[in-house]
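So, here's a batch of structures to check.
Each of the next two complexes has subunit A plus one more chain, namely subunit B in the first and subunit C in the second.
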Partner chain A sequence: MKTIRASIIGFGSVGRGVARTLIQKEDEIKKAGFEVKVVGIADSSSGIVDPDGLDLEEILKHKDSTGRVSEERLSGIEIIENIEHELVIETTPSDIQTGGVGLENMRMAFSKGRDVITSNKGPLALRFSELINYAKANGSKFLYEATVGGAMPILNLVRETLAGNEIKSIQGILNGTCNYIISRMMEEKAPYEQMLAEAQELGIAETDPTYDVEGIDTASKLVIIANSVFGMDVNYHDVDVTGITKITPEALMLAHDEGYAVRLIGEVKDGTLKASPRLVPLDHPLAVGGTLNVAYIQTDLAGDITVSGLGAGSIETASAILSDIMSLYRER
Partner chain B sequence: MKTIRASIIGFGSVGRGVARTLIQKEDEIKKAGFEVKVVGIADSSSGIVDPDGLDLEEILKHKDSTGRVSEERLSGIEIIENIEHELVIETTPSDIQTGGVGLENMRMAFSKGRDVITSNKGPLALRFSELINYAKANGSKFLYEATVGGAMPILNLVRETLAGNEIKSIQGILNGTCNYIISRMMEEKAPYEQMLAEAQELGIAETDPTYDVEGIDTASKLVIIANSVFGMDVNYHDVDVTGITKITPEALMLAHDEGYAVRLIGEVKDGTLKASPRLVPLDHPLAVGGTLNVAYIQTDLAGDITVSGLGAGSIETASAILSDIMSLYRER
Partner chain C sequence: MHHHEKHTPRGTIPVQLVFEAEPSNVDSIIKRLEENGIGIIRVDEERMIEHGAVLLIGHIVHTDIQDTIESIDKTGYAEVVDISLSMPHIESSSSASLKIDAVGRQELYNAIELLKNIANKKDLLVIEPIQLT
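== the complex of A and B ==
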């Protein structure tokens, strides 16, 4: 059986979800004709390596009790550079301003000819074509289903399941936090601030919600879709973005009376990218509530395909990463 | 470039849709690293072969004007037996009683070691495990996305995009005709017979609607899902089936007042298969209207995934067949 040596760089909720998933799905992965041996793990302050394979249970326990994966100061990029392995699972937090450490990690991985599977939107929203070309030039594979829509399958769906179709447009609800807040504003006829506070209490919105509610997260995902599915060469600054902070319950009720819901819709169509609150007919597939993500894909042959699923969550995002791992390495 | 020699057996609306799609998507297929050369085509009364590749445009014209693909009496099974080719695209009509000519075609294809891609539910709903095992024993590949849900991706979605997930249950609206009739009965507060007549006028229901409205079509698709996704070994007779003919508009309105829609739901769960009218909350992903097909997939990692699309149509079904062709032969 083929052994894929992997590192997990970033050991927050997603990275730990990946580790748990690799433990849980060891048999399923073997059934697909390979095994994954994790030879390096790093969080922001420490790292640990073992060319013979790390004990994931042990490291998860250590991280839970100490907040670190080890007592050794070893960075992700050092692991990527110096330890022999095939796959870098890059799960550091998104930095949409500069691409952050994730961008450096990916560049290093490609320079060493390693494959990269990531949940980190920042580098892709800023430097998609550079990264894709760099990966290609070094013979590295590069997959990033987890950057868009969590467990909602979209990139792999278009690539595998809709193969051969021309994709005409994609519209989607790509941020569960915004969708929760808008849905609840309508249900409770309550102002934005009140439902934001509720979402924060429930852990659905962050203490600083800017990234979600200003549409930045939606725009980042849209850029990844545009580059990946439509072969465009755009970055985050090419998106026309409006967030949800100016929406009033009165506007939502007015729309509802006319048979519409208001949703923060990301759209790639006719070469332009737009993320903004839009009116959606109440019986349209995009008019979902709660924290769901949904994508509405218009194609030339298959007609209109809608897919929805949970857009966030540690295990759900790890599931998208597992889907990429399977896609890259399984026997066919 | 790899050349895949193919036959199209059955040249009704799906077979012709496949031919048109192969013409239209020649470049996309080449981009995936192979080309498809159709070396044989048969309908129910005639056949035509050319080891150097048939002129699909020409044959489509001939079929349109004469109702036959050629003037030669040559059967599908003769083509499958005697012409050298890799792939049989089996698009003859479904026979749910005996499996019909489709079953014989598939057996012959596997006996010659050829791959089969099909839209023909009958043989799979009756003799799934026999066919799968026979294909395996002969080194043949066997894909059948088009048998379930037309362009709505479900089998490939589960296999490729949700790879590694345990599928806990699948519920779906798998028959667009029934869904159209029930949706319209509610909208118009009209009896079954009236909306059936409307559906027949629009070409959505057949003159003899039994196969759709009695739930037979839904049950057949369910069997294919159960065998394929859940690894069960069941056939059409193992499904508990109730159709939609006894539903009254009064029952629909009563349900609606309580916040429910009535839908013909096919369900595979806990090892049992059931196709019957069920109450679905109005805001549930399964509560779609019109001729859409939808599947609601419960998984262990990815949570609940919903996918919907057009369940029928010549080009939509051909799209599912193209998706299988890409999945089998493309370069990775």
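== the complex of A and C ==
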């Protein structure tokens, strides 16, 4: 059985979810004809390596009790550069301004010919074609299903299941936080600030919600969809972005009276990218409430396809990463 | 498209027909029908065949809503046919839903684009419908 040596770079909620999933799904992975041996893990302040394979249970316990993976000051990029392995699982937080440490990690991984599977949107939303070309030039594989819609399958769905179809447009609810806030505003006839506070109390919204509520997260995912599915060459700055902060409960009620729900919709259509609140007919598949992500894909042969799933969360995102691992290394 | 009604006492069958045609062709359609022995009882014209709804949020009234509406009506190809307004407090944002009719789909799209330009200058948020096709 072949062994894939992997590093997990970034050991926050998603990175730990990946570790737990690798433990939980060890048998399923073996059934697909390979095993994953994690040889390096790094968080923002420490790192740990073992070429013979790390004990993931122990490291998870250590992280839970101390907030660090080890007492060693070892960075992710050092692990990627110096430890022999095939796969870098890059789960550091998104930085939409510069691409952040994730961009550097990916560049280093490709320069070493390693494959990369990531949940980190920032580098892809800013430097998509550069990264794809760099990966190709170095013979590396690069998969990123987890960057768009968490557990909701969209990139692999289009690439594998809908192969051969022309994708005419994709419209979607790509941010569960915004969808929760807007649908709760309508239910409670309450102002934005009140429902944001509720979402923050429930852990659905971050303390600084800017990234979600200003549409930045939706726009980043849209860029990845546009480049990946439509073969466009766009970045975050090409998206027409409007957030949800100005929406009033009165507007939601007026819309409802006319037979519409308001939803923050990301749309790639006719070569343009738009992330903004839109009116959606109440009987349309996109008119869902709660934290779900939904994508509505218009194709030439298969007609209209709707997929939905949990858009965020540690294990849900890890599920998308696992599906990329399986599709990359499964014996065919 | 036609709607078939009951026989009249004279033995004729009233039929409602809808043609989507350029205005200049209407007379020749009527003439052809009459030449074939079909009596024309009534001709109605519906120019604005596309209907859309748009939400506006912001200081709608303070920024002269009449001017906003007139800008659409002046186009000649689209008009605001209904408006519902909600003003909860004098200081806070108002919300309005506008129904816009237009002579065609492209014209409806153009009218919404025009409205977005005006709204942008007045710092109003426009929420437009998703395109269904």
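List of remarks:
The working rule: the second predicted complex is superposed on the first by the 332 of 332 C-alpha atoms of A that agree within 3 Å, B and C clash if a C-alpha of one lies under 4 Å from a C-alpha of the other, contacts with A are read in each partner's own complex, and residues count from 1 in each chain.
We take it that a residue touches a chain if its C-beta (ideal position, glycine included) is under 8 Å from a C-beta of that chain, and two chains touch if they have at least 3 such contacts.
Predicted, not measured: the structure shown is a model, and the values here were computed from it.
Within the superposed three-chain model, A:N227 lies out of touch with both subunit B and subunit C [touch as defined at top]. Taking subunit A as the reference chain, the count of touched residues is higher for B when subunit B and subunit C are set side by side. Within the superposed three-chain model, A:Y260 lies in touch with subunit C and out of touch with subunit B [touch as defined at top]. Of the two partner chains placed by superposition, only subunit C is touched by A:E250; subunit B is not. Contacts of A:E316 after superposition on the shared chain: subunit B is touched, whereas subunit C is not. When the two complexes are overlaid on their common chain A, residue A:V288 makes contact with subunit B while staying clear of subunit C. Of the two partner chains placed by superposition, only subunit B is touched by A:G164; subunit C is not. By the document's definition of touching, neither partner reaches A:T91: not subunit B, not subunit C.
Within subunit A, not a single residue is touched by subunit B in the first complex and by subunit C in the second. On the side of subunit A, the complex with subunit C involves touching residues 171, 242, 246-248, 250-251, 253-255, 257-258, 260, 262, 265, 267, 269, 276-281, 284, 286. Interface of subunit C with subunit A (complex): residues 53-55, 57-58, 84, 86, 88, 92-97, 99, 125, 127-132.
Those residues of subunit B that touch subunit A in the complex are listed here as 21, 25, 28-29, 32, 151-153, 156-157, 160-166, 283, 285, 288-289, 299, 301-310, 313, 315-316, 318-320, 322-323, 325-327, 330, 332.
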